[in-house]
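Next, two complexes with chain A in common: one pairs it with chain B, the other with chain C.
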Partner chain A sequence: MSEKNHNVSRRQFLTYTLMGVGGFMGAAMVMPMVRFAVDPILQADAAGDMNELTALSDLTEEPQAFSLTYEVEDGWVTQTMEDTVWAYLSGDEVVALSPTCTHLGCTVNFGGDENNPDQFFCPCHFGRFEIDGTNVPGTPPTEPLHRYDTEIRDGVIYVGRPQPQQ
Partner chain B sequence: MRFQTSDIDTYQQSKAYVDTMLVPLLPVALDDDLRQKVAMGEYISLVTMEMEKQFRGRLMQLPPLMYLSSESVTEIGERLGVWADAFKKDGKNHVIWMTSDPALKQLENQVPGLLLWIPHLPIEHLDPNYRSKTIRDQMQQLLPDVMAEWRKEDSL
Partner chain C sequence: MLQRIYDWIDDRIDITPIWRDIADHEVPEHVNPGHHFSAFVYCFGGLTFFTVVIQILSGMFLTMYYVPDIVNAHASVEYLQSEVAFGMIVRGMHHWGASVVIVMMFLHTLRVFFTGSYKKPREINWVVGVLIFFVILALGLTGYLLPWDMKAYFATQVTLEIVASVPVVGDTLETLIAGGEVIGAQTLTRFFAIHVFFLPGALLGLIAVHFIMIRRQGISGPL
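Then we have the complex of A and B:
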């Protein structure tokens, strides 16, 4: 067969192909933008989600570990997650701290170190935190324990997600 | 930390803090006992995950180390020794081996590092909430052993 007998010339073929590819590339660029624009609307609710922790009357001045269950939606899959929250009363204020060590992520315990019964202790590299979450200088962590936003409704404590405190 | 790309940057920046390898041991045999083997493997994987969660800043969890159930315990023990030597060369001070296999219980005091023999509980029949609680309770019981291991400066 000679070149002339082709219904689609090489040039045309290339043009079509490139247009096709270009179209896909264009779509690939625009789609995420559309998603970014729309997504926050869909997720606004999730970010503000507060989950029930425990009854206010359960709290004491001494931090206690409570377990927090909440749902995470990842695409079409909903997963139930479980976290531990250390909560206590400081005067009238509810303090709820995350047990994740800010050094490399091990789990801290309150009073875990015999010599420092009033502090949070990380067994991994002996990181320590004051009761309000402040990292003890001279131990590996360089940032305080993250703290949960809290809300009290009808004697029940609700918490959001842990946030860095400075 | 886990053996996955998302954890490797952290690992490389903080290598000196990660002095322990965490290795689940998995028996494999496609025999009549298959069901039991799979259940043991599943259980150990879950407890290992929980351990990683608790101590992720100091541990590197490796993919499971498989062995044939037909291998002799001595052979398996020797193989663990080879791995332990390699970890030591890389500057690690501790290995935690995780197993539910009754056959390996006798290795408890023979292999380098800490061999945690954890009897398999049939949690596959439990309700998911109760299942995670069982795993966490199991983990709590292991804590003192891990702490004791870490009190040894260097056990390899």
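Then we have the complex of A and C:
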């Protein structure tokens, strides 16, 4: 075969085949490692277990901070996590709020600002939230505090994971 | 498109001579398996390098899950192998690759020996090759402890017994390598650091020297 009058030259043919086969082999090598590395984003989120918070009789109309302990499967270890939950009674309804500020994640305190004793206050950039978690307009946070799903069994309050409100 | 990106960069910083200098060199007939099939023996050096690259890559990825701690090491290996997608493959690459490197390196050494390529002017590269040999053996040895299972533990016990049998300084050396009086927490962190940082660093340095010398001296002539 001559080198002339072919649409694909010998050199081009070899380049394509070698790049094709090489690319395939390279991908076969790298693909498992990449999938291995990105596994955490593809693993299903842990199901929302309900964990015991406190007795219903502990709640008042005034928000109080309760500590919530729960277990998390973290790779090869089971971690005991501890979160703070602000809970109170609004009539018959149990309201349980997460103290993580929706601005940049600092921790809010109920009544933390002397001038606004009935609000949650974030010391980082003076963010404020109403008692039901609604963010006060004109302060940095742009959405309400996240709220826990709650469930009451035999006078004990169980909570899931905090969810965005609205 | 790619061509235009390449041209744009090349226009500015003139990269063509760099890769030409690396990639554009003659492959003499006597080392080209296309001419004489038996010339495949000249591939073992490249295959050794290829498996070293696989070891380094798969090792880097394993380190995303592995912890060098006596309480968690074994659990983390078990987790990455059985729970993480492709964990069995990635660990398998590293596990079997460790043996393949040594086999390839051995075959490469045999080729160099039987073609007499170690003779003048290539004596220095033979010496560098022997150093690479030792570094890779040490990688296999230190890596073997990391899964922290029974096999790992007792193999390391044997290693340390051998070290301890060195005259005069044996006991001191054993303590130095074990990082203490027992095979434990400090042995594992030590072996991990050596396996993952010190030896790969040394290996890449030696390989660079090895390759630079080959480019300077060319491949040895036909028999």
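Worth a mention:
By our rule, the second predicted complex is superposed on the first by the 120 of 166 C-alpha atoms of A that agree within 3 Å, B and C clash if a C-alpha of one lies under 4 Å from a C-alpha of the other, contacts with A are read in each partner's own complex, and residues count from 1 in each chain.
The rule is simple: a contact is a pair of C-beta atoms (placed from the backbone, for glycine too) under 8 Å apart; a residue touches a chain by one contact, two chains touch by 3 or more.
All figures in this text were calculated on a predicted structure; none of them were measured in a lab.
In the superposition on chain A, A:Gly75 makes contact with chain C only, while chain B stays out of contact range.
Contacts of A:Leu104 after superposition on the shared chain: chain B is touched, whereas chain C is not.
When the two complexes are overlaid on their common chain A, residue A:His125 makes contact with chain B while staying clear of chain C. Residue contacts after overlaying the shared chain place A:Pro140 against chain B, while chain C stays out of touching range.
Within the complex formed with chain C, the chain A residues making contact are 29-30, 32-33, 35-37, 39, 42, 75-77. Residue ranges of chain C in contact with chain A, taken from their complex: 54, 57-58, 61, 64-65, 72, 75-76, 78-80, 83-87, 89-90, 93. The part of chain B that touches chain A in the complex is made up of residues 1, 10, 14, 17-18, 53-58, 128-129, 132, 147, 150. The touching residues of chain A, counted against chain B in their complex, run 80, 82, 101, 103-107, 122-125, 140.
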